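Please find one structure pasted underneath; my questions will follow.
Order of writing sets the chain letters: A, B, C and D. Residues in each chain are counted from 1.
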Amino acid sequence: MFDARTLKLAALLLAAPALAVLALAIPVAAKTITYQPQTVYFTYCYAHPPAARIASGDSVVTSTRDASNDAFLPTDTTLAPKIDLTKVNPQTGPFFVEGAEPGDTLKVHIDRIGLNRDWGWGGAIPYFGALAPEYKTMMLTPPVDDHLFIWRLDKSRMVGTLNMPKSKIGKVEIPLRPFFGTIGTAPKGKECISSLVPGPHGANMDFNEVVQGVTMYFPVFERGALFMLGDGHAAQGDGEVMGAAVETSFDVQFTVEVVKGKTIDWPRLENDRYIMSIGSTRPLMDALRLACASLVNWLVTDYGYDKMEAYQLIGQQAEIEIANVVDPEYSVACALDKRYLPR
Amino acid sequence: MFDARTLKLAALLLAAPALAVLALAIPVAAKTITYQPQTVYFTYCYAHPPAARIASGDSVVTSTRDASNDAFLPTDTTLAPKIDLTKVNPQTGPFFVEGAEPGDTLKVHIDRIGLNRDWGWGGAIPYFGALAPEYKTMMLTPPVDDHLFIWRLDKSRMVGTLNMPKSKIGKVEIPLRPFFGTIGTAPKGKECISSLVPGPHGANMDFNEVVQGVTMYFPVFERGALFMLGDGHAAQGDGEVMGAAVETSFDVQFTVEVVKGKTIDWPRLENDRYIMSIGSTRPLMDALRLACASLVNWLVTDYGYDKMEAYQLIGQQAEIEIANVVDPEYSVACALDKRYLPR
Amino acid sequence: MFDARTLKLAALLLAAPALAVLALAIPVAAKTITYQPQTVYFTYCYAHPPAARIASGDSVVTSTRDASNDAFLPTDTTLAPKIDLTKVNPQTGPFFVEGAEPGDTLKVHIDRIGLNRDWGWGGAIPYFGALAPEYKTMMLTPPVDDHLFIWRLDKSRMVGTLNMPKSKIGKVEIPLRPFFGTIGTAPKGKECISSLVPGPHGANMDFNEVVQGVTMYFPVFERGALFMLGDGHAAQGDGEVMGAAVETSFDVQFTVEVVKGKTIDWPRLENDRYIMSIGSTRPLMDALRLACASLVNWLVTDYGYDKMEAYQLIGQQAEIEIANVVDPEYSVACALDKRYLPR
Amino acid sequence: MFDARTLKLAALLLAAPALAVLALAIPVAAKTITYQPQTVYFTYCYAHPPAARIASGDSVVTSTRDASNDAFLPTDTTLAPKIDLTKVNPQTGPFFVEGAEPGDTLKVHIDRIGLNRDWGWGGAIPYFGALAPEYKTMMLTPPVDDHLFIWRLDKSRMVGTLNMPKSKIGKVEIPLRPFFGTIGTAPKGKECISSLVPGPHGANMDFNEVVQGVTMYFPVFERGALFMLGDGHAAQGDGEVMGAAVETSFDVQFTVEVVKGKTIDWPRLENDRYIMSIGSTRPLMDALRLACASLVNWLVTDYGYDKMEAYQLIGQQAEIEIANVVDPEYSVACALDKRYLPR
């Protein structure tokens, strides 16, 4: 069965025989696999048994739990004692993509993100968050008090509401823009890394542009790529500064494609308007350097730019997005309008 | 003589007697002063003799030189030898605003920014810029080679163009969005600080939202506030990552207002959609903390928010802008949509 | 069989009945195990099969390879092409210590470090080292050129010499002070982490005080603790700023002890004069915060200090050691003279 | 009147006519000036009228107030309300050194530091200190509570004692090692910078090796150098992590010398064993980079080292000292044993 996108590609191929070499990467019959997760994982790791083996071009319909592993009820008011710190940020997968080998790139199109419940939670988490003493920016003064904020999610209007009993405004209503906080492939070097930690393999970047409709690119470090995702966010400000977004569970459909022989160092994101490179590390400035240097190098290797001329263009036109400033590594995206890509 | 905006305010006051208390801050006859700069300054400092003494409500029409002190010709290809490092980032002013006292706030509306020449420059500056060895992130390997990029500026179409002879694309055209890189008041504590350094008094924040039409707020640390501005940028990406924007000279009109008895810690910016706090320091993460903590505190003191509820809102809805990552202190803005301000 | 130290402890116990409670932690018959490594590991990981199972109180005599996995000859002049980046920083172990459970502390005394060859290497490694563009502090300008420095090691005089043909001095001779760059236990949360990365479990701290005669304390996160060590350094300056020390292979003897029910967050080191806490993260300031906050908390929990009084003491008497500023996480030690520990 | 050191130099000159050119910088009759400060300054600034004009080779005997401007009594328990934040870190001077011109270096030998009272203070200062929310690392949680710690200073035994009523130990006694927290010359570029801020001109480095007997070198940015000093510390741990040392007033004698035509970028310190470069900025890692890169460059320009060979030596033998991690800029020293300086 062909989906519309695959048909479009096939049409292109018929019309342009010179592109036929690309056809090798196009499956003759892309499938849609439905996977109901029984097991979730708390590390990105080469050793996890695949949830499913899929082919390049296949689509997957599945669902994800929220970052607490669906531990809370909407009547809860604190994270403790329900939160189990060894069981946070559960991931659905991994999906073994046939033909993906180390050195390739995995392309993932996020076809659809669906809210599947009517509430989400945010939180004041002791020793977590950018504006309070933290597990790495450690201090001797007290951390924030444990507190759970329960947001009501209205799917029809795509808004979230939070009562604010202590504030003059009383209540706020925010637009929902659902995205995946955590998404990526197995790390390199046989490392098994907590799903809380973003890195070259993606994972917990908490980037609020990973919405329905975008295409992402991840390095393949292990055979089969071992793609996973989770940590649904109904909405989130830049940086996720308080440490949690509007955390909720999702239904999702995504489509994978193996880009053979294309090697990238860090995740990339493409939407209708921009190409973006994403870097993750601390300090924040180095995450920014990784993201923007990757974008310059991308312009050089794929689009024929001279390095210093590309640097000048980035200097005048880059849009820099702060994805997260609370996870064990911070994430920054460096974006450029696609108008600057030569045909 | 009243300008249109003052008349509008006057109309409002007539219609709304309850607002009459505000009238105390409204000058009876706001003037428009034209100032042709003969002298420029390279520090923000209490000791500079005022360029002009103006009243709250007055507007000023003046002009600014580019960051090189107008040293280059559009035929130049390097910064050396024309650049004089003791004479960079010249500022027009200071304007002594009658009635402004330490502890007050100076409100500045940028009425108009006009390009006044048809070219600007960008540059690869040795030991400057975010993606190369730098005067603070010092290294033993070589810095970038000195190189000047000359952009052609088309005022009618509001675009800039740069030839890129070494790149496949050959030439790029970017939208112009003129703004002031440097703008602020005299620092506190009788410090005299290079105009290259941003801080609580504003100055070289290089924030690409300081465009025509916005309103800014600066702390007043010295009698008269001693407002200055300069460093016109025809366009600039977030962070000004290569170290220079499209640098050019400007014509400008702005209007000042003293907000008596209102004390703020860091500069603020307001436009049609957002309120923003700006923080400047290194490392980048601390500039972000200053900006976002200021925004939370602003919501608490001026809009009746509970601190933790405001923190939660910022976590879910803040937009974080990277203003500069190349100056002696980095600058970050934390923005919130004005829909969240209670009436 | 008793070794000398165990006998000394036994003697102490006989002489001092008041200390008898300590005897519970002393094995009745501590053994010395000799282990000749056939396999080495490149991650710290719960999943590695133990090299040996040992008891609390046992000593181990073994050896370690150098950080290149003994890839070089002393006639080599560059790292490439011999270095295999998937095979660096090999570790000897893991040693499964009977009775060690998550939440306990593993105490390790380094009885003896012996140089076992007459040369070591240092290097200029592209994209590694504190004073050049780096894999995290990424830049667009060139990194250092690949170059191997071969040091001659004289065991009898305990000095290392390096010819410096391009320098006026011609040759330098430095004192040797052998220590382990990498030492630790399996990480928490079923993570498997490259041996290049230091963390709460220890590993690649590159701290030049981990010399013969010191006692170290590590958190136990996995049953058996799974202790490993490697990365011998014949000498190294603070911070290992060029990215490699005088790298060499070692013979070593160490003795382990399980401290039941004692939980620590970060590694500790004790020598004749000091107690030290070690923190590892980026940025450097946060590694310092972790180290010094841990030391304050240690004084509070174990020595009856009030937190603010302990902070004051640290402020006036801490000695801060920069262990490494080149690894994926930086390491800092915060030390206090033992004269300040109440009896 | 000649002092011993001047006579020794004169003897050298008689014995070595080839060095006669140096004699131009040697005063015929070095004097000792006694200066009783009436006025103190809170900025380092070109504009301050000199406290005295002295010649190269002259010595000055003077005194300094403590960092609070001698505001407290030993019976005080909090900093508020006595502290006046516009009057902290008062400096004695500036001393105009005849013949010092921009581009020269000022050499200062600290002949003697004398405690002149029997107590000093440390403090928990809200929004100050490395292990609590801070004016730059701003947070929304509460800062430390204002508290003054009064240390008794015993000059005969050179120890300080502090009662610790809340701690098991009850009282601690620490060795005194008096040094100047703040010392330097007027900044470049006509900046006037708070005496709290360290930089290329020195000032508030809070480096605990600036003790009696050392020699320091400062860049000269203004005619006469305009040397100042203050901020006496009877003792201080590395980094001054709580934000204040054991703060007290001093008597001091120092001797200046102009090194004509020698240009340095950052302060240097020399004692019997080490040469050291000092860098000041945030983040901490960049202060370390400035210090160590300066040291490498110093070895290259003054001692005939090849740059990469010097980098290798620094990697294996540098000692890195954390001077302060609490001031507006952090300070780090990079030290090398003088045994590595070729004769």
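Here, contacts are C-beta pairs under 8 Å (C-beta built on N, C-alpha and C of every residue); 3 or more make two chains touch, one makes a residue touch a chain.
Note that the structure is a prediction, hence the values are computed from the model and not measured.
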item	value
Chain located farthest away, centre of chain B as origin (C-alpha)	C
Result of counting contacting C-beta pairs for A-B and A-C, higher pair	A-B
CA centroid of chain A to CA centroid of chain B, Å	34
Whole-Å gap between the CA centroids of chain B and chain C	49
Contacts with two or more other chains, residues of chain B listed in rising order	131, 137-140, 144, 283, 285, 289, 293, 296, 308, 311
Chain A to chain C touching residues, read off their complex	42-43, 45, 47, 86, 136-140, 189-194, 279, 281-283, 286, 289-290, 293-294, 296-297, 307-308, 311
Interface residues, chain D side, partner chain C - complex	122, 124, 129-131, 144-145, 147, 149, 151, 160, 162, 164, 166-169, 172, 174, 235-246, 283-285, 288-289, 292-293, 296, 303-306, 308-320, 322, 325, 330, 340, 342
Footprint of chain C on chain B - complex, ascending	131-133, 137-144, 283, 285
